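Two complexes, one shared chain (subunit A), two partners (subunit B, subunit C).
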Partner chain A sequence: MSHDYKAVQWTPFKKQFDRWMLAGIALYLISFVGVSAVMQPAGESFTPIQILIRAMGTLAFLLLTFILCIGPLARLTDRFKPFLYNRRHLGVATFLVALIHAGLVILWYHGFGDLNPLVSIFVSNPEYTSLNGFPFEVLGFVALIILFLMAATSHDFWNANLGPGLWKALHMGVYLAYGLLVAHVALGALQFEKDPLYVILLGTGAGTVCLLHITTAIGGVHKVNPASLNGWLKVADLSDMQDGRAKIIRPKQGEAIAVFRDGDKISAVSNVCRHQGGPLGEGKIVDGCITCPWHGFQYRMEDGCSPDPFTEKIATYATHIVHGIVYVDPAPNTPGTYQDPTVITHNNA
Partner chain B sequence: MSIETAGYLVTGLGLYAALGLVVALIYMFGGAGRIDPAAKGKGMPLRARLLIMPGVIGLWPVMVAKLFTQKEPPVS
Partner chain C sequence: MSKNDFFIGWSDDTPKADRRFFIGAGLGLLTATAALAGGVAFRQNRPGKGTWNQGDVREWRGTVTAEPYSMIRTADLDGRPRTALLSCLGKCGVSARIGALSGKSVIIKGSLIQRGTHAMIAVVDGMDWIREDPEPTSTNLTFPEIEPLGQVTLRGEILDTKCWFGAMRPSEGKVHKECASLCIRSGLPPAFYVTDRQSQKRLMIMTDHGLGHSKALLPFVADPVEITATAQKWGDLLLLDGPVSGIRRL
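What follows is the complex of A and B.
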């Protein structure tokens, strides 16, 4: 038996997270509409629907920017881990905000002519060779389709049934969507918007995303553990291995490895949870089992199998201790293979 | 893009979505359990089945193929 599917895997934290997220979205929209209504430049009068279009558009951009920053930020500091674990709801919220933005645009700018409003999106700005006549709405439309596919396949069912490769490839589409979104704003709103705030917003947002990714990519290269003993990778000094917790090792090839200490035993398993790829090494040992920090799937330390009646299996790895230093063999055993834990003794500690 | 081409494109997208809806209904009533034993019967309540419908509409060609080729989820 594997785990049942629920509509949403609620946890108390997740509910609280969603409440904060919705409050933040509401606060942003109210502030944006309020400030825009009060500070309208003389001679211009935007209708409430136009202000709402901008509010939703900027919010979708900011949300997506934030989502893309979460991964690198979580690698730099643990404070962003809660966001990392709850990114899915943020992603769905971003899609819905973008959808409302698109709906209002279609209604307001394309809904009153003779043409089908959807057809009108594709033909209203036909100059692909000019900057200020570029069909920027088409870029936004394609980005919206990508966000839709990602939101629509964010349920566990998809992660399991598309297979990790296809699911991941699909969800990497977020970078394409972000690029399209940046172009959509640069070739659209920025061409007629006089307020420099929009340029600053776009530049800062896109710049931050790029910078954070470059920084963590460079940092990540140094994280590969160079110390090894006959091909075994150094994990840590035994004294640094906290009871019930793990150290994560990233070999040059293959999956990251989580090396756990449970009392006087050391065992290593794949760092990737079978449920949704959660980082097992950031979880802890509960009731003798490694417990995933994302949704609580459990695995036995010594064979990587979920306890009965569940059937998930992850790879195990051989470990050993020499002069108080823990090493792991980077070659994985087949998922579910029993591997003797290394026992800490006076001789090896 | 000419109005005619845009018209074809929008009609094409509409047709794609309509066919997707048919496949999504198949998934709703048994298809999900056919490719994934964990989604059989009570393993996947109605609300969860409704949640996967938009995804099936979006990816229906892949999901039709899976109906014939997949008996359980691929293992990583």
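What follows is the complex of A and C.
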């Protein structure tokens, strides 16, 4: 949780994550450059800049593919939550790798001529109406701009100032960037490099991203809970409510509701974290606060407010227990409104 | 409430289960990364031969011409009269800089770009890259007459000579299309090679009625094309002379 917008809120794990990330990037580049340099017959070596262009380009694609797999993997297993929390640095690193790739391409392929290199990207190949001949560099350029906007606004400062909705919409642009990147590779490198390995890599990468998202989307589709008692929604039998955890309820209208049990108390809040829209109902009560599984933002159960000095607020809901069954009123209170928890007693349990 | 099994990003305490998984996944990812990089690099097409040692700047003596492209006929390559194309250090020809010296014996200064028997000299920047030779060599270095070899129809790719001779490796195909276009539009000679790029021995320099091609050629650069034109022999050069209307995209 951030309050004073430090550049990076380091933790031991985050430092460890970054070391592994940098090791991976270095290993890829060393391996790619090394094999490229020694594999060619004498007198047929790649020029060093062209090796770097290819190394950076393939690395950027693989990094972005991995980043897009993290979200759905974290929905499938909690073990990927640490990757989810730290993927921001991975995203910025991907942008920098892609930037180096683009910079070298612009310098090498579009520089040293009588045209402005940036203009050359758009006019040197005019076959915009042809699929095979399409100027694939333009697709990569647009993808790079999107990645730049995301990297530049990745800090929580921008999330708070743009608002979670706009920020989230902007960062959903990663899917457009990835689509452009797949087309960039398919209409560019794959038109020249005919080895099946490249087609398999592109297809496997893009296919895995699609499959994981479809799988988690299908798994995330929940039935709307019908009104079951004078307009109150049935949540679960009390015996099914795990201590410190929540059940997620989806009313016909409005946001999903997370109904938590903390010892002998039942409380309900909005399921949507105000930070990045994380699913609070998949979180846990830690130190008396509901804790978001994505980035650890916290809220008090009874009033939906973040503890001081934080200021985030979410809606609360009324609950009650009848014959051992937990119910929730789907009408939300104003965010930050105190709502008495329902206490579990011998009479209602 | 224990938080030992629940990852909280900002907490200094990372659950043991997450740490173990992270190390295992990290090792797996690093191994896969190295293998993947090696595999991707290993399966690349051969970039082709060609050399350009930019640091080896020499003086070259011979007869220079500006048409159809800037080139010099010289005996300094291997002792026999041969033709070397001329370029600037970047992506441009130097026809306009030859001026009144066209057809005369000159001394030029530049570095050699070479692929097999194909040669190009990248001349140095500045005004002193060319001067008239006060003591021309006794070897006959005048450009010979062009000999027609007949009309041919060939399938292949149009590329720029400088990159293919050795300025870039690789220097063909879709990934090099925009660079080739930029080179040709800036005055570097376009050339044609047939589809079998690995066994290609000689490139054909493309001309249009004896002159350099205009920008009308650019839309066909680096695409698979079929061309009908007249093959010609010009000393040690092979030319492919014909208008853009004789080119068909495949």
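Operating definition for what follows: the second predicted complex is superposed on the first by the 269 of 349 C-alpha atoms of A that agree within 3 Å, B and C clash if a C-alpha of one lies under 4 Å from a C-alpha of the other, contacts with A are read in each partner's own complex, and residues count from 1 in each chain.
The criterion applied here is as follows: a contact is a pair of C-beta atoms (placed from the backbone, for glycine too) under 8 Å apart; a residue touches a chain by one contact, two chains touch by 3 or more.
Note that this is a predicted model, so its numbers are computed, not measured.
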item	value
First (subunit B), second (subunit C), both or neither touched by A:200	neither
Which superposed partner A:107 touches (first subunit B, second subunit C, both, neither)	neither
Touched partner set for A:169, first subunit B, second subunit C, both or neither	neither
Which of subunit B and subunit C A:322 touches, first, second, both or neither	neither
Which superposed partner A:115 touches (first subunit B, second subunit C, both, neither)	both
Partner chain(s) touched by A:286 [first = subunit B, second = subunit C, both, neither]	second
Which superposed partner A:349 touches (first subunit B, second subunit C, both, neither)	neither
Subunit A residues touched by each partner, larger count belonging to subunit B or subunit C	C
Doubly contacted subunit A residues - partners subunit C and subunit B	1-2, 115, 126, 135
In the complex, subunit A residues that touch subunit C	1-2, 9, 11-14, 16-17, 20, 23-24, 27-36, 39-41, 43-47, 50, 54-55, 58-59, 62, 66, 78-79, 81-83, 85-86, 108-115, 120-121, 124-127, 133, 135-137, 187-189, 191-195, 197-198, 201, 243-244, 262, 283-288, 291, 293, 295-296
Complex contacts: residues of subunit A adjacent to subunit B	1-7, 115-116, 118-119, 122-123, 126, 135, 148-149, 151-153, 155, 157-158, 160-164, 166, 272, 274, 335
Interface residues, subunit C side, partner subunit A - complex	1, 3, 6-12, 14, 17-19, 21-22, 25-26, 29-30, 33-49, 51, 89-92, 168-170, 172-179, 181-183, 185-186, 218-219, 223
Touching residues on subunit B, where the partner in the complex is subunit A	1-3, 5-7, 9-10, 13, 32, 35-39, 42-45, 47-48, 50-52, 54-55, 57-59, 62, 66, 70, 73-76
